[in-house]
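Below you'll find the structure, written out as structure tokens, and then a few comments.
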Amino acid sequence: MLAFALYITLALVVMALLMNLYRLVIGPSMPDRVLAMDTMYVNSIALIVLLGLWLNSKTYFESALLIAMLGFISTVAVCKYVLRGDIIE
Amino acid sequence: MIQHLIVLPVIVPLVAGILLLYQRQGLIRYKRTVSVIATILMLLVAIGLVNMAIQGEIVYYALGDWQPPFGIVLVLDRLSALMLLLTALLAIGAVIYACAGDDEKGSNFHGLFQWQLLGINGAFLTGDLFNLFVFFEVLLLASYALLLHGGGKARIQASVHYVVLNLAGSSLFLIAVGILYGATGTLNMADMAQRLANLPAEREGLVTAGALMLLVVFGLKAAVVPLYFWLPRAYAAAPAPVAALFAIMTKVGIYAILRVYTLMFSDSAGTLAALEQSWIWWLALATLAVAGVGVIAARDLRLLVAYLVLISVGTLLAGVGIRSPEAISALLYYLVHTTLVTGGLFLLADMIGQQRGKAGTRIVKGRPMVQGGGLALLFFIGSIAVIGMPPLSGAIGKALVLNAAEGTQRLWLWPLLLLASLASLIALSRAGSTMFWRSQRGSLSGSVLPRRQWLGVIWLLSAAPLLVALAGPISAYTQATAEQLTNPQRLIDTLLPDAEEAL
Amino acid sequence: METLYAITTGVLTACGLYLTLRGRTFPVVVGLTLTSYAVNLFLFSMGGLTTDGAAIVHGDGRYADPLPQALVLTAIVIGFAMTAFVVILAMRARSEAGNDHVDGKKEDRE
Amino acid sequence: MTLLWIALLPLLGVLVPALTAQRGRTLCSLATGIVPAIALLLTLMQLPALLAGEALRVSVTWLPELGLELAFRLDGLSLLFNLLILGIGLLILLYAHFYLAKDEPYGRFYAFLILFMASMVGISMSDNLILLWLFWELTSLSSFLLIGFWSYRGDARKGARMALTITGAGGLALLAGLLLLGDMAGSYRMDDVLASGERIVADGRYPIMLALVLLGAFTKSAQFPFHFWLPHAMAAPTPVSAYLHSATMVKAGIFLMARLHPAIADSELWSVVVPLVGSITLLYGAWFALFKTDLKAILAFSTISHLGLITVLLGIGSPMAVLAALFHIVNHATFKAALFMSAGIIDHETGTRELKLLGGLRKTMPVTALLSTLAAAAMAGVPLFNGFLSKEMFFTETLATPVLGGLSWLIPALAAVGGILSVAYSVRLVHAVFYKPAKEASPKKPHEPPHLMRLPVEILVVLCVVVGLFPAFFATNLLDLATQAVLGEPLDFHLAIWHGVNLPLVMSIIAFAVGIAMYWRHADLRRYLQPFASVDARRVFERFMITLSYRAEQAIAALDGNSLQRFMGWLLLAALCMGVLGLVQMDILSGSKGNQPTDGILVFGAGMLIFGGIATAATHRYRLISLLMLSIVGLFVALTFARFSAPDLALTQLSVEVVTMILLMLALFFLPQRTPRESSPLRNVRDMLLAGALGLVVASLNYAVMTRETLSISSFFMANSVPGGGGHNVVNVILVDFRGFDTLGEITVLALAGLAIFKLLNRLRLFMPHSDGEGRVWSPDRYPAILTSISMTLLPLALLVSVFIFLRGHNQPGGGFIAGLITAVALILLYMARGVEWAQARLDFPFQPVAVVGVAIATLTGLGSWLFGHPFLTSAFGYFSLPLVGKFELATALLFDLGVYLAVVGATLMILANLGKVTTAHRPVIDPKESDTPAQPPAKESR
Amino acid sequence: MITPRSWLPTPVLSILLLIVWLLLVRSYAFGQFVLGGTLAIVIPLLTYRFWDARPRIKKPFKLLRYGLRVLGDIVTANFEVAYLISNPWRTLKPHFIEYPLILEERFTITLLASTISLTPGTVSANLRMDGKSLLIHALNVDDEEALIEQIRERYERPLKEIYEC
Amino acid sequence: MQLVIEAIISLLLIAGGVFVFIGSLGMAHLRDFYMRLHGPTKATTLGIGCMLIASMVYFWSVEGKPDIQEMLITLFLFITAPVSAHLLAKTGLHLQLPHIDTTEGKPVELRDEEVGDKPVPHPDRGHG
């Protein structure tokens, strides 16, 4: 049952990522792309969590944590860039 | 302490760099003192190491006490000792010169200089392929920073080419190291050599690819045709003491070729033996040809010297391509000569440029120099040496290299090398007569040059006569070095004493 | 799996190198970064691909080769340092030359 | 030992004028003269030993590897040359003392002259081929310096360079020739070489060797077609012309041919080439000597002609011919040096050397006129002068020893013509200067020179006459020794003025008759010559040089083009070739291990990576989009690492990825937002093919490695990580312990990057766009409030996480590097959210010391092991236990990792924060004076 | 004299840090309490200077209640949004709403904005530079006034009470 | 493992997956940027939260001791996601991204504050 659920969830996450990709490619605007990118980061947390479950290992916890922290920062950076050009001023 | 002597060429500049870089600003006298003392210390260490190496024993230093092939080792043999000594000698000239004021034209000169030495020394000492990569990066990044010292458009532009090409080269290095690791399962060069001797046939292609790609990387560093393009402008643009130090940079590439291929692809490597040889040989000849043309074409003294460096690269690589003990011995003698002399010429070119005002180092008529006589004398000495005319070291070096060529090799090497010499002769006599003779009319220009600059140049150029006077002992050393290099089994046995049993 | 992996490194290398052949500094920097990603993947795989065996010693099991991992770690760091330098060099070159051509050319000829 | 002194004393003598130049001219000249005088004396002192048949040799080991010894010999030939060099040298010094103007740098002049003398003596005495070459090249150099002595004169500079180029080229050829010769003889020792004549001539490489050696000899001795440098060398002061370019240096080539005669001359090739070249030179020089109007030019061409004559004799090579050659060397040296010095006196006293401006000097300069006439008579070969003797022998030998087979008449015929011409130009020289009335007035009113200046000429002329009258007495011994040295055996000969009426005498008489007639009809001949007169060798040479450097520039430009794209193309092409070479060696790409199964997630991940890569490349013209695409690749690379059991790598990749993004965007602000479309489609396709091919190679290699079993040493690390390194995370233990040295280098690189970037940012002139790529003005909200609050909240959490990541690194994924990046990124977030002004006030320490201290801690940790007698970087760890707290581990590796942490924090902040600061008042500056007062923030249009 | 305020400037943060530490290390050993406690004190001391507005929690229990309520709202909101997004037949009525703030401090406004973004169909899109009003984008709104009122009562007032009284 | 726990985990996983999917679906298919913003901010965050709880429960049941480490990630996401959304929306407003016509309460006056002066040529167009 668990394995089955994992498969289904994986499939859903992959589809989610593909839709992120679709938006990233289509755009049309920069914020759209950034949003897609940001979502992709978040969705990849799901991917890592599922990997941990799959491998029965907590080794990947920090990776997920880091994505949560750092994905945000890169989104902030791009937004700041589009808003102000100069991201540190 | 004596057992730690081998690691000192790395530790001394590292610590000196730390001391120098802790504070960015001010304290120039303190920084100069530290830098000069560290460099002199390095010279003393290098002399000590040569003394150790001269016994003929190969000594290694297992960092972290992890024995080869598992840990990283520093290997001291005659070759690495010689290169360390050469680096220290060159560095002293450059650093003294820099203390005349070039070090104040930007931030952190001395610290970067020391770390550049760290990279160079590390590359000369390491016995580990990946560690070689790391030290290459250290010396490259330090050289990028030093190249920019003082700023200016030409430097920036030359840097872009230099840096981008070397970054691509670094990627290639990683690929090559990866392949070699994948094929042999080790990173220690001696261990790799040993494993190559018993390599399954299905892996030979891999090793070939890895080794030849590595050759491209080293060729890029050594500035061999067609990978030399970064060199002329970068060397011509670099601040003088940096350019002088750069004289050893191409030699790092040549050293790496010599080290890696004589060790790993010696006769015991079976079908893979000497797989680099023909490539190096032909590329060396091409380099000689191009450099000869470049020397004639150069319209600026510093560019001219840069092309002279390229000639030396071609000459040295030709020696590597011949691969006989005689050739290796000859090229080592030539290497010592060319490094010091071209280093001195870069400094001298800068001094000449300073005294010529607007004309700078361009080979055009300019105003006469305040200290034209002294500069002319040094220029004459440096030129004779670098062209390879008697009675200075270049003549002997060239004769040794020519003499080392055998049979049909002579048919190729001799004309090219001699024509390249002729090209240098034509170019340098043109440059000298234009700058010192044609520029005698008009008011004197420039101010009196600092004594430290003279000292730096004289330090380096005095190598030319000294190498002649001491030709006997030096060539005895290089001969023994060549003999050591062509019998790598001794190094392997030293590093991996259990290997025989294991097989 | 190995085939797929190799194709991926190959494509990434090709894309990165294509960019390094461009005439403006920024694409070149991006290309170098991309190439270094590819090279890191390449180097990483030199110990073979292990799907379940992080090199954390806990008694049993099969482990991935830790050595290439350590090498890649070093390579990533060095690559970052180099990228940082080259991108700022590109910036500086633009400020000196007035344009961002890799050769500092005034006008585009091609 | 004396030999060594003879050879090396002149070399030391170079210092004498340099040291005494300040003490007045007379003293300097005298002191300088002492050196050659002593050497001459020492040479003469060897005469008894030589006559007794002793072989005088001395040899000091120098460079055995090259077969180079400091070896000298003194045999008859050396003796002859030494006397010439030192004797005439002394006279020249005397002459020069008067010749040079008061304000000229005589010290330097003497030094050059003595340097030349020393090298000439060296050539003459060298007992080792390489040593000979060393001195040989030294003569070219000193000649260069002497010709260019009046360097303010264009003709002097050009003449000097031309001479150096030609003789230098010859010297290089000679080096090759001598190396070959030594190789053929099996030794560079002169005796060995001279003894191996048969072997050498029989060797297959003989023609090449001979060509090379003769190239050296001919260029030096101004043989056709390398003669043209000599007339232009006349730009030198006359003492130089007299000494180098007539008496001695130009004889070095002749000397070489004589010296090596036993080794290389006994062949068909020799006896064809050498006489032919010699006779062409003989005629060519004589012909032009007849028509030149510059006194020194006439003498120069006549020198060329006489050198040709000697060459012919050596080419003929019979014992008597050799004798004649040696004899003529001495004779020519005496009369030509005398003539040059006379010419110099005339020039000195009248202010001109132009024949048209001279004439009738017999009245004002009677003594000089007499001396010149006598010397010219010797040159023309008038009986009772030394020139006559050697010329008679020359005629005799051309007839006696047929060369060129069926064309054996050719050489005597040419010799006769040469004789005629030589008479003609000799007569012209004397007649036009001294006897024919002047057409125009000379620039200065002529009068006799000081007596001492004339003394050298007088001595030489007396020698001409005395030897001419009593050849047997004055010349026999010397020539006997010299020929014996060349031929290896004594030669029975008798020097006499009168040999009875024979063909040579007839030739002489004809020569006189026709020669004088020719001078008579000289004007008519001139007209025929006119077309040739315009050919100026120097012009041709210079034009050639200019063309050469122009072509060279073109070639370099064509090859180089200053185009990074091209350079990169070469690099990649080289890598491609090498990779392909390896691949084609493989029988089969796939190894024995085979493929592991693939699953959907892997395909998806690979797909994302491939997509990301291609998209990055495809969108590169829209830079920000390209960056986003790049970050897909970065993210999925991290996921790939995670998938393939490399959590540390995943963490590192993630943090580096973010930092890289921030960095690239910081930089992108200063760069154009779009890349113009500028590459031609052809170039794009080419680049794609190249990159694609290399990608294919990389993929193939990757596949080949992955499908083969690994032979790695890694099991050692797995086994020793816990017991030896005290850590469970093997990757971390490798980084901080097994291969801690790498890591030390790596953090040095990082710190260096920070330092380098600081340098780049300093004095940066900025292009700050005041609007974005679409022309929109930037948002006025610099620090969005919500972001500021969140950055404050995140910072303590991020620090906590980085401590966590740091502490566990040794046993679990993590470590100093990742922890450092997390800290740095959290701080950068502050900069982004709150601005530099605000953050700077709170982070008021410089970053450079942080980075450097990091490196220092790592280094000191490594050095600490010395205290315990272990090698650098040896780690130690232990498990400790505290009440309540329980068991915990302390390891030096942690301290090392702390260094890594600090270095990363410091360097990353140096990079990012400094880059961020460039747009603010806190931009990096070097000058401490500047940094006290904040720099002007760059103007920026923002609202 | 070291007053508790000077070495423990933000007790709530310190507690939060300690909890986070214990979560991170997955161990409740005494040693970890010591270490975590140390960090929980040291880190706020280090970062104290970065807090320019010190949020004072006046009513911690209300904060807890607020947190739980928001959590509940997030769940319900998500079902709602999921429904809105995934139902292709429904036409959405998006709305920009200018929400006048009564909160004054930046930190609390941030909390409110975050809450708004996390809960029913609304995203806080912009904070006026004068800090007086918040622009909210709502996915599907029938009654603007009702929404404003709901936010005011459900989130803003509690926050005001917790922090700004 | 108990069937109940396994069922709970599976349910949480699938719920998480569905939320993640819906979040991205919204981002992919909604008609203007401001609407697209809603999905990832809420649904995706919750979806990840569900999966993390699933993971938590799983490891609790496997290792036998309660372990709520995963809550940290959720905490981070809850802190950061709304801020990202806010900044993105702000960026969208700044760029004057179009919204669908049916949108009410167009923020005209706000836009003036956000956008500033009238457009000026970018320096890239001028030189370089």
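Should a chain be cited, it is by its letter among A, B, C, D, E and F, assigned in written order, with residues numbered from 1 in that chain.
The rule is short, and it goes like this: a residue touches a chain if its C-beta (ideal position, glycine included) is under 8 Å from a C-beta of that chain, and two chains touch if they have at least 3 such contacts.
Chain by chain, the UniProt names read as follows: A = K+/H+ antiporter subunit F; B = Monovalent cation/H+ antiporter subunit D; C = Na+/H+ antiporter subunit C; D = Monovalent cation/H+ antiporter subunit A; E = Na+/H+ antiporter subunit E; F = Na+/H+ antiporter subunit G.
Since this is a predicted model, take the numbers as computed values, not measurements.
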item: Contact-richer chain pair (by C-beta pairs counted) among E-F and B-C; value: E-F
item: Farthest-lying chain, centroid of Cα atoms versus that of chain D; value: E
item: Inter-centroid spacing, chain D versus chain C (mean Cα positions, whole Å); value: 39
item: Chain centre separation in whole Å, for chain D relative to chain B (CA means); value: 16
item: Mean-CA-position distance for chain E and chain B (Å); value: 62
item: Inter-centroid spacing, chain F versus chain D (mean Cα positions, whole Å); value: 67
item: Shared interface positions of chain C, touching two or more other chains; value: 17, 20, 25, 28, 40, 42, 46-47, 52, 54, 56, 67, 74, 78-79, 81-82, 85, 89-90, 92, 94, 96, 100, 102-103
item: Shared interface positions of chain D, touching two or more other chains; value: 562, 564, 568, 572, 643, 647, 668, 672, 698, 705-706, 710, 712-713, 717, 738-739, 742, 746, 749, 752-753, 756, 760, 767, 769, 772, 778-781, 784, 786-787, 790, 794, 797, 801, 812-813, 915
item: Multi-chain contact residues (two or more partners), chain F; value: 18, 23, 25, 37, 45, 69, 72, 76, 79-81, 83, 86-87, 90, 92, 94-95, 113-114, 128
item: In the complex, chain A residues that touch chain D; value: 10, 14, 17, 21, 24-25, 30, 33-34, 37, 40-41, 44, 47-48, 51, 59-60, 62-63, 65-67, 69-71, 73-74, 76-78, 80-89
item: Contact set on chain D toward chain C in their complex; value: 562-565, 568-569, 572, 593, 595-598, 602-603, 606, 609-610, 613-614, 616-617, 620-621, 623, 626-627, 630, 633-634, 637, 640-641, 643-649, 652-653, 656, 659-660, 663-664, 667-668, 670-672, 675-676, 678-680, 683, 687-688, 690-692, 694-696, 698-700, 702-703, 705-707, 710, 712-714, 717-718, 721-722, 728-731, 734-735, 738-739, 742-743, 746-747, 749-750, 752-753, 756-757, 760-761, 764-767, 811-813, 817, 907, 911, 915
item: Complex contacts: residues of chain B adjacent to chain C; value: 130, 134, 137, 141, 144, 148, 152-153, 156-157, 159-161, 163-164, 167-168, 170-171, 174-175, 177-179, 181-182, 187
item: Residues of chain E defined as touching chain F within the complex; value: 20, 23-24, 26, 74-75, 77-78, 81-82, 85-86, 91-98, 110, 113-119, 121, 123-129, 135, 137, 139, 141, 144
item: In the complex, chain F residues that touch chain D; value: 76, 79-80, 83, 86-87, 90, 94-95, 113-125, 128
